[in-house]
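Below you'll find a set of structures to go through.
Next come two complexes, and both contain subunit A; in the first it sits with subunit B, in the second with subunit C.
== the complex of A and B ==
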């Protein structure tokens, strides 16, 4: 590991003037009115003069070789301006530089039904669609792989034929301590199989991109991406253009949840189509196409063994996980590590082994979805904990208290935990849910369950190794009294624009309407690595405080001169600069900025952030390393209908340790949104393709919002969000993440509540009524022996 | 977004004009009575039309009136929302009100109509998909293809009747008033309207339009109810639906009608189940007996998403729940 410079964390968790004026206050998102009134411009709202519309030809086969493509009939159709095929964009790419196995369009092979084969730009969508159907492709159909077990064993021909490991995408085996010895000495040993089924992100806005080339050969790409910087890098690589001739802009985004993290085929294709046509080109995916683009949560088959001693202290955890990656690598290398690396808290254990294998199959590629890689094994582990507690006759919350790791500690896999508010989270949900009155005491078929989890506040290392900052920001102060913040951060609805505005406003004593934030335009904004791994509040937040603080010093000095006091005696708050000891001696911040501009010339400052050195000293030890970890506890209360197997989730109480809540309203929103999404994955959502040898094999089973049943308000349990603030030394004013952590526990908390309700352990997601009913019947058939059973699920 | 194909859009102002347009375009015209079914089907290429005849400006079709004989006549363009909240419907035919209120979501019920729901196209997981998807499948015998993917080797389409109002109207003995330019008006019992063919499951001729639904005055002691199995408490089409209607005469059951839908191309009247109950008190023993009898007669297919074994297991549960609901709260008031 290189020596790293940990820059610009000179500030602590305290308010700049003793008391916060913006941070921690309940305020609307700064862009909420724009979004609510329809003023916000999304990518598809952009209409450029002479703009053409693009459409894809997609593969109807799950696995086939392309013998030839003939586009002549399409090109001859009136209204068609450009057609591209894979041979024109042959450079392989991938978001992870070590696994570049995608091309913008299929070059010689298609790997799932929906894989992009060719793209057309035409005068309108109807003409482009008609042209797509005139492209003739000659396929040699190959045996598809749908079952990951099967793909593991068979690989003739492999899905990626150059791959020396057959259909294996990534294998990770790591052991810490001595698992087998510890397991053998355990008082209680629980061993079982668990399954996660696969889900999509389903943001309301489908992916969209527009490309335009200027007369001097500069490419501008507007795209609904959550990581503009990686799109920028890979556009340069695939198009063979210097990066400085490319400008990437991310307009307002209608949800992403991880599903807009990869560079996508349509982003490359609009660029080349626009170049060939000499006109701007837009591609807007249909809802069906977003299910092919996918990158959703990986299906996992998980075998878990856990042991504990007679007092309930966990002795060892051992997992073997088979991950169905779909057809391409995407973030899969990281997913494979995360399936083990992110499990080592808040429960502490001295011995740990995980053995995770990701395999390719002929399905839409999986990738990162909110809670990347760790939601699935967390589900398994938290059920295992409840089963150990149950076997020992311990209350499951008490069991988690016994095993809770401390703050300022190291996990078994060598990650550094700074603050840790998990015990307070447990207290909060125990109290709010009435746990002690309810657990084991509710009427038949009604139950309550707990789960805990942890998550990263950003990943410590960039996906491409470099020594530059992870986050950069520019702040300009204007004589109008406005602070303008230029940041490469991607607001995907999670509200980072408001967080940046709040932090800069706090440092400079401004009201929120006196700060404007310019985001995600590579020509205007310094690089930020983007909206993934819950990194922005901590990383870009630190950069924002850094820049704000530099400017504050200048403003204080200029005002101090006017008031003839020491700079430290100048306080900035609520739009005023004043004497701390005599509030009547004051100027507006606008006047103060003018004094500073006169004294120091044009006012601007940059801020940046890079991570401290972190991670275990072994291969892969930096994956899962983060400057700080968030912690969450969930309690779910459910009712099971014994006649239908329907699980009604009445309510969830969620306590989340976010370090410090910069914006409590937004933290609550993230807690509620995460939990909503998690509960949806328990019961309703299922991204699945037909398998077997029938005509429908390889086809998506539910490629529409009617079939892919997202919960509506009527299907969403009551959610009570509780904020726990542990004040972390690494984050801006002590803040950690809130966007992904509060998803994890939703799933196992419901499973553990079902056990409390009716004595069955549900282990295979999703918990459809049919599976629950089968498990109930099997449980009844087994009699009241108390033997746990998994029924037919 | 999926694009609509091109078609001519007509907005007749009278029934006669509408019937004339259907006659003129002989099977190449489609009626738009809300569009919540037709428009997605046009986008998917499951239905094709040169002309779309919008019925929104035909005043007679919005009528609700009592006939001299005491029947209730409901215009085909009555929105499902209006139907669900109509005080008289609620009083006389509570099951119909419930069924209308369970169709899709609030927006669909505001656009969607009674006539549209009665004439809803059949549905199947292999047909309600885009052209790309169906082409990759190799199509199916409902449209553009020859194979059935539900019943391998099957020669008759088994796409499922998925309309919520149809089973209830069947149990209530409703009739449909149909009009064509050449043959004028005919009235057909709804029980004779649906046929066992998923390609087109209606006796409605290509030049005919549904004008209104006639429901007879409820007999004294009529109880009715509707139960619907669906994944979400909103929006979804039924995975199984059960309508029941019977009279209670000194606590014994008379004339029980049980209709199950979302299984096959037409709603299924379970005559044997009805017969079993005649003259018997509706106690738990009878409920169990009727549930088991219904189970034996129902064989869900993979035409609808969701595990078929589970859907079959739910037949007795939903039949019993419907019967209990009808007994306990589904009394019709004159």
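== the complex of A and C ==
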């Protein structure tokens, strides 16, 4: 690893003045009033004067070469103001700089049904749609690849023809310790195949972007992106524009879950359309289009072998994983690493190997969905653990206790674990669920199951290598008594705007109404890398504390002078600055800020955070490295209908170790929302295209919220969120992530509960009633040995 | 194109809109009330829920021509100068607002329930909100918000009737 300048600033877990006044309180969000009253402006709510509307022409073929495109009839349609095709935006890009294989519009080839081919801007959506139908494209249709196994062996022609490795997008093979010897010496060895299907993010807000050029050639882009900074960088490179001539603004965002992380075709196309038309242009994707834009959960076929000794200590884990990447790289390089790198806790094992291969197929591109890359192998591993426990006659919770790694340790793949509250998580769900009274004791077809998991609080390194901070923040204090926080963090519903306000308020002794937060505007806010990999609370949170603390010192000094006491004796709380020893000697915040402004001139401070050096000393060892890891335990209670094969999930208890809960209400919301989303993947949701030699090949089978069966209130189990606080030395006041970790265990906990209910191991998602019934039948036929039912599912 | 006359959040509205436009398009793009959201434009998500004559409808499936002469209430009409509606306040208080995109529709659906059945059980709340999808919350805090709104609505009714609070 290269030496780099360390600007890692963490300030310890303690409250600045002995007791927290804002942190850990059940407060309302600072920006929720606008949402509750309908005033919050999301991207599609913005209407600019003279604004045009854009539409895409998308490929009807899964795999084809473009021989020619003729846009003349579209251009001639009254009301059409601009048309763009791939040759005008030929610069390849990708969110990961090593795998830039996308273009804003297809240049010479289309790679999935729905790939963007041309874009039109017209006076309204109807005219733009009519114009799109007038574009003539001559395609040379190629054989499509839908099966990743097939794409792995056949690649003539390859989906990406310049790719040296045929249709292989990324291959990672890493081994730690000696897996084969350890496996051979194991008392119990469990070996099985697992399948995870593709699923979509489906935020209720569809993607939308608006571009406007000013008279002096500055481009402003409003976009429903969760990573404005990467959009900014790639707009500059694709449009050939200096980055300082671009302003990117993320308005209120209607959910993302990873699905708005990539820079998208519509963001580049609105920019060029607006330039050509000389008018602002908006593109709003239809719900159907969002299912093609996709970047959802990667389907994975997984072979797992796990061994343990007679006492139940895991000796080795070995996996071979085939990842269906869809048509482009997206974050796939990272996905491939994450499919192995994030598995090495909370259960500890001394020997580990993973062999993961991501292949391209002619399907909508996969990408990062909540719990990026690690939800799938976690599903497999946690079922393996239960099978070992069962074989040894151990209680599955006890089995996990036996194998739980400690705090302040190194995982087998060289990652540093600081705080670790997994044991408390196990205790909490065991107690809350009534596990001891239920496990193995519920009526027939009713069962209870456990799973554990870990997740990163941000990835240690930026996707483009640099020495600059991962998070920056500016805080301005003014004589009105207001603190304004300028932050590039993306609030996507997870509530980071409130978290930033809470942290600054805590440092400066303010009420929340004395702080306002300006977010996600590249002209106004310092760079923050955005809402991905659960990084904001820890990283931007540290930056917020950093800036707040600098200003606090100045305010304390100024007030100390007035009160003629030592600065350390000045306390700031609830909108006042006062003498710690005599609370009656006090000033309002407004007065205090004025003293400070008089003493130090205009008051502002920046705060920064970068990660400490972390990661294993091997190629790829920094991928999966994080300043701190969260831990989660899930218990699920289910009922299986032996007549229909329907699995009804009654309730989940989820204990999540988020370090310090800055905002407990929001942490609970993240736990509930994550688990809801995970359970939805068990039986309901499936992102799938038609295959075979039919006219529909490559078309999405369920491109609407109804057909995709997004869970309603009636489909969602009862959820009980339990917060565990292991105070972490790296986090702001000890905080870690809460947004993604609590998804992982929901699926294997259900699978393990199904075993407790009726003795079958379900290993291939989704658990459709048909598969469950087949497994039940096979189980009955085999006698109730509890053997796996591979043949059945 | 046709001219529509209706009541929008208590005010007289006169709007010209193409014949095929929906009520959602009229409130968002003609009246400029962008609180009502479009999540799917085909009746699946409920983000566009508004009240017509006091009842919840999906405005993306309602032809604008059909609202001529009727009373339309959107999320912007739920609160008034006296402050937030009890439903808005309870949603905020319970932490039910994450990204908020489903919420204008969700709160309009909840408002109808709270008005018509302030005694609603958890099961009845689930039934009443079953056509409003939320992707963020897992619904738990939404139930808590609606239960609290029902409680406050009952309290209000008791107080108005002069009974014990």
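Following the convention adopted for this analysis, the second predicted complex is superposed on the first by the 785 of 793 C-alpha atoms of A that agree within 3 Å, B and C clash if a C-alpha of one lies under 4 Å from a C-alpha of the other, contacts with A are read in each partner's own complex, and residues count from 1 in each chain.
Quick note on the criterion: contacts are C-beta pairs under 8 Å (C-beta built on N, C-alpha and C of every residue); 3 or more make two chains touch, one makes a residue touch a chain.
These numbers were taken from a predicted model, which means no experiment stands behind them.
Contacts of A:38 after superposition: subunit C is touched, whereas subunit B is not reached. By the touch criterion defined above, A:643 reaches subunit B but does not reach subunit C.
Contacts of A:202 after superposition on the shared chain: subunit C is touched, whereas subunit B is not.
Looking at the shared chain after the overlay, A:129 reaches subunit B, while subunit C stays out of its contact range. Within the superposed three-chain model, A:602 lies out of touch with both subunit B and subunit C [touch as defined at top]. Legend: residue contacts after superposition of the two complexes on their common chain; A:703 is shown touching subunit B, with no touch to subunit C. In the superposed model, A:60 lies in contact with subunit B only, and not with subunit C. Contacts of A:253 after superposition on the shared chain: subunit C is touched, whereas subunit B is not.
Number of subunit A residues touched is higher for C, counting subunit B against subunit C.
Looking at the shared chain after the overlay, A:286 reaches both subunit B and subunit C.
Touching of subunit A by both subunit B and subunit C, each in its own complex, is seen for residues 286-287, 704, 706, 711-714.
By the touch rule above, subunit A contacts subunit C in their complex via residues 26, 28-29, 32-33, 35-42, 44-45, 47, 201-206, 252-257, 286-287, 492-495, 665-666, 668-669, 672-677, 704-706, 710-714, 716, 718-719, 721. Across the interface of their complex, subunit A is touched by residues 28-29, 32-45, 47, 74-76, 78-79, 84, 88-89, 91-93, 95, 97-104, 107, 125-127, 129-143 of subunit C. Residues 58, 60-61, 113, 125-126, 129, 284, 286-288, 643-645, 684, 694-696, 698-704, 706-707, 709, 711-715, 768-770, 773 of subunit A touch subunit B in their complex. Residues of subunit B that touch subunit A in their complex: 1-3, 105, 125-126, 128-130, 132-133, 135-138, 147, 149, 152, 231-237, 305-307, 309-310, 313-314, 317.
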